[in-house]
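After this come two complexes, each holding subunit A, first together with subunit B and then together with subunit C.
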Partner chain A sequence: MKALPIFFKLLGWDILREIRRRETIPNMLLFALLVLFVASVGVDRDSGVKISSSVGPVFFWVAILFAGTVGLSQSFAAEREGGVLGGIVTSPIDLGTFYLAKVAATTLYVVVLEIALLFVYGFFFSFVPASQLGGLIGAMSLFTVGYMGAGVVLAAMTTTLRGGGEVVLRILLVPLMIPFLWVILRQSGLFFQTEIAGGALGGPLRQSHFFTFCVALDAIYLTVGYLLFPKVLE
Partner chain B sequence: MRLFPLPLHLTLGWAGVLATLGLVGFYVPTADKTIGESYLIFFFHFPSAVNCLNLFVIAGVVSGLYLARSSPRLDLWAASAIEVGLLACTITLVTGSIWARAAWGIFWDVRDPRLMTVAIMWLTYAGYLALRGTMDEPVKKALFSGVFGVIAAINVPIVYFAIQFFGQSHHPMNVDLTQFEMRLTEAVGATAFLVLYTAFWRMRFRVHWSRHELNRMESAFHRSGI
Partner chain C sequence: MLPREARESVGEVNCLASPAARLDKVRKRFGYRDVLRGISLEIPRGGCFVLTGPNGAGKSTLVRILSTQWSFAEGTVEVLGSNVKREPARVRSRLGIVLHESFLRRELTLEENLHFAAALFSIPRSDQDERIARLLDTFGLTRRRRDTVGTFSQGMIKRASLARSLLNEPELWILDEPFSGLDPAGQELLAKVIGDFHQEGGNRTVVLVTHQLEIGRSLATGSAQITDGRVSHLSLAGLALSSHSGAPGEEAEG
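This part shows the complex of A and B:
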């Protein structure tokens, strides 16, 4: 069977299921909203706008990181409940194609979440990075592709563990993403036009250096994921 | 009956560590030109760091081999390498923090890419052990550990190239050992820790393998209905 039509079929099926059930995106959004809300309460308003603009992007990315794990832990829920996963494994569908479709679907959900979260961020922290929006969305997309590339494999593994393995998923995935997040946070100084956490993480990288790093990590995670995912479903 | 209670390789490893301790205490110059007395901990910090990276690379390769061949021995070699690598990583972090306190006045610096990436690597491999702990079924445990062992090995090049890539590090790329006494002590320390960690690795594998064989015999016994 040809891979591309199967890929779009699986992607369409996942999106259709999300539109009907409306579970993943609203749950992720609610979780991220809670993180940003609690963070905005924690920031000392009396100390002025400077502090909130300096640590705000850190909270923004932390909210995305943890909300992403909520989405990932739900990404195989439907397959697990209906016994669909067994059907897919025994069908002639290439499991690598199934992996890529799953990564594409979850990436789409998380990018939707990130764009929605930008408005929430503007509301709580009184700043929208309008002038750097293109660069920020590009960085968010690149981060999300790598994040979901690794996350889908780990979610497929942990979904079969005792109690759904949600805690184990976070324990495994979050440390893997910290180097990526660290570079993104350094670069966020440009996007949010501030010095992140008082410059504690270092200044932004050269744009070309930054995008090379992101694309290289994405390529590594996607290749490793593509090769290992069929093994996990075995 | 054994004349000596410890296996030979372990005895050699500990003897080497004691010899390093002796050289550091009585032979090597007590202060380096650039970083002063605090450099003495280097002879323990550096071998642990190198062995930890080596063991994690080996674990990644052996995990990959397990996925290709499905031999339980390979899974247990990889798991043992990660356990001992995690010990070496812990020693690296602890000795590094002590060195940092003496040299920079602080135990930890979040701006330092080498420190941060090593800490992240420690967390990743601690996660590997947590993952193994959640599963009882041996084939599934070996398969998932193999997959995560390969993914986690991505950390090693990140740690190795952290300073070149991220820059802005207090951590020295290398310590310039100018005198013969320093180079000799470094060589003895590196050899001692290599032998010691290899002995630990082999011991952990034997423990895991014995447990695996015991479980296999127990299952066979239950299946036979005796």
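This part shows the complex of A and C:
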């Protein structure tokens, strides 16, 4: 069976479902907006500290991280409704192809969220990293591929739990992303033209090293996910 | 394995070398509870093999294992001559499955759902429209083909699920309580479709789980009663019932 046509079919059906239901992206966006809003009003603006150059980028990534788990849970809850997932598992397709299509679909939704969130960030924190926008979007995309690569496997496991398993998903997923978050936060010093956490994480990497590191992490997450996902479903 | 007498009967009922399904000492456990306790069973090719038994006996677990949806701890399962653990894709491509879930996306129209299923089974686009039209007609769904499944009643969803399961023209049709949710006309229609499926299609086989013993009796060419994760009664000519499973015409326990 040819994997590529099936991949695009599954991706297409997922996007069609999202267009019809309008659930995953709006819910993620609402969650992320609330995080940034609370962060923006919770910091003393009169203290003389420029928020955007200190904790703002941290809140930005926290919003993406937790909104991503909302999206993953919603996406898999939709697959379980009516036993759709069972229908896919009992069809003769390679479940690894289904995994890659699911990663591609959720990555797309989260990247859309991230781009929207950049504007929101600019509004709340009065700062848009215009000169570094290309690099930031590239970093966000690479982070999201790895994040969804790990998240799709864990979401397939946890959505069977009572209450959708969103809390368990976060508990399992966030520690897995620590290596990625560490380099992303370091690099955010460059993207947001500031020093993150007072430089405690270390300075930004050379761009080429940073992107190589991200691609390597993506390859690890995707390979492990591709191999594990069919076992999880079965 | 089956007792010797039963294996000889299999030979009388069916001339093909490999049965439709063969389970050998299959064990399935949920937590600390054994749902299937080393079950062995051969389902002959051709005909309608009915599985009966009380709730919680392990019938649905057995069909989920046959349909490759669930794994199992011990034993061997062969479906249509293929080992389900070694060649799951080969088995899946030859099965039609109706379980308690519909496998349908509620936000898509019925036609879109069937095209989605057809794509999963790599049915050529040129054949899809003809097959879908035929199955919609068979199950009386043609008028609702452009409605989203979310607007369907339970009975309509069941009909749609049945249509979906036949898209790939399966050799083995596994049906778990397919009559539940159907009105009398729908039940009569389904009984006819099941009969046609195995009578007109060479060695095509139906595995039917049902509590509706009257319908089961009319369709069965062989049967097994599952009790507490084991085969308690076996018949290769009609419906097997133990004394506590209800008289003909009644519903079994649960």
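By definition in this document, the second predicted complex is superposed on the first by the 231 of 234 C-alpha atoms of A that agree within 3 Å, B and C clash if a C-alpha of one lies under 4 Å from a C-alpha of the other, contacts with A are read in each partner's own complex, and residues count from 1 in each chain.
Here is the rule we use: a contact is a pair of C-beta atoms (placed from the backbone, for glycine too) under 8 Å apart; a residue touches a chain by one contact, two chains touch by 3 or more.
Since we're looking at a predicted model, the values are computed, not measured.
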Which superposed partner A:G87 touches (first subunit B, second subunit C, both, neither):
second
Applying the touch criterion given at the start, work out whether A:R21 contacts subunit B, subunit C, both or neither, answering first, second, both or neither.
second
Give the label of whichever partner, subunit B or subunit C, reaches more residues of subunit A.
B
Looking at A:E234 after the superposition, I want to know if it touches subunit B, subunit C, both of them or none. Which is it: first, second, both, neither?
both
Would you sort A:F213 into first (subunit B), second (subunit C), both or neither based on which partner it touches?
first
Go through subunit A and flag every residue that touches subunit B in one model and subunit C in the other.
234
Subunit A residues touching subunit B in their complex are 150, 153-154, 157-158, 160-162, 165, 168, 171-172, 174-176, 178-179, 182-183, 200-202, 213, 220-221, 224, 228, 231-232, 234
Within their complex, subunit C touches subunit A through residues 67-71, 89-90, 92-93, 95, 97, 99-108, 112, 116-117, 119-122, 149, 164
Enumerate the contact residues on subunit A facing subunit C in the complex.
1-2, 6, 9, 13, 16-17, 20-21, 81-84, 86-94, 234
Can you name the residues of subunit B that touch subunit A in the complex?
67, 110-111, 113, 116-117, 120-121, 123-124, 126-128, 130-131, 134-135, 140, 143-144, 146-148, 150-152, 154-155, 158, 165-168
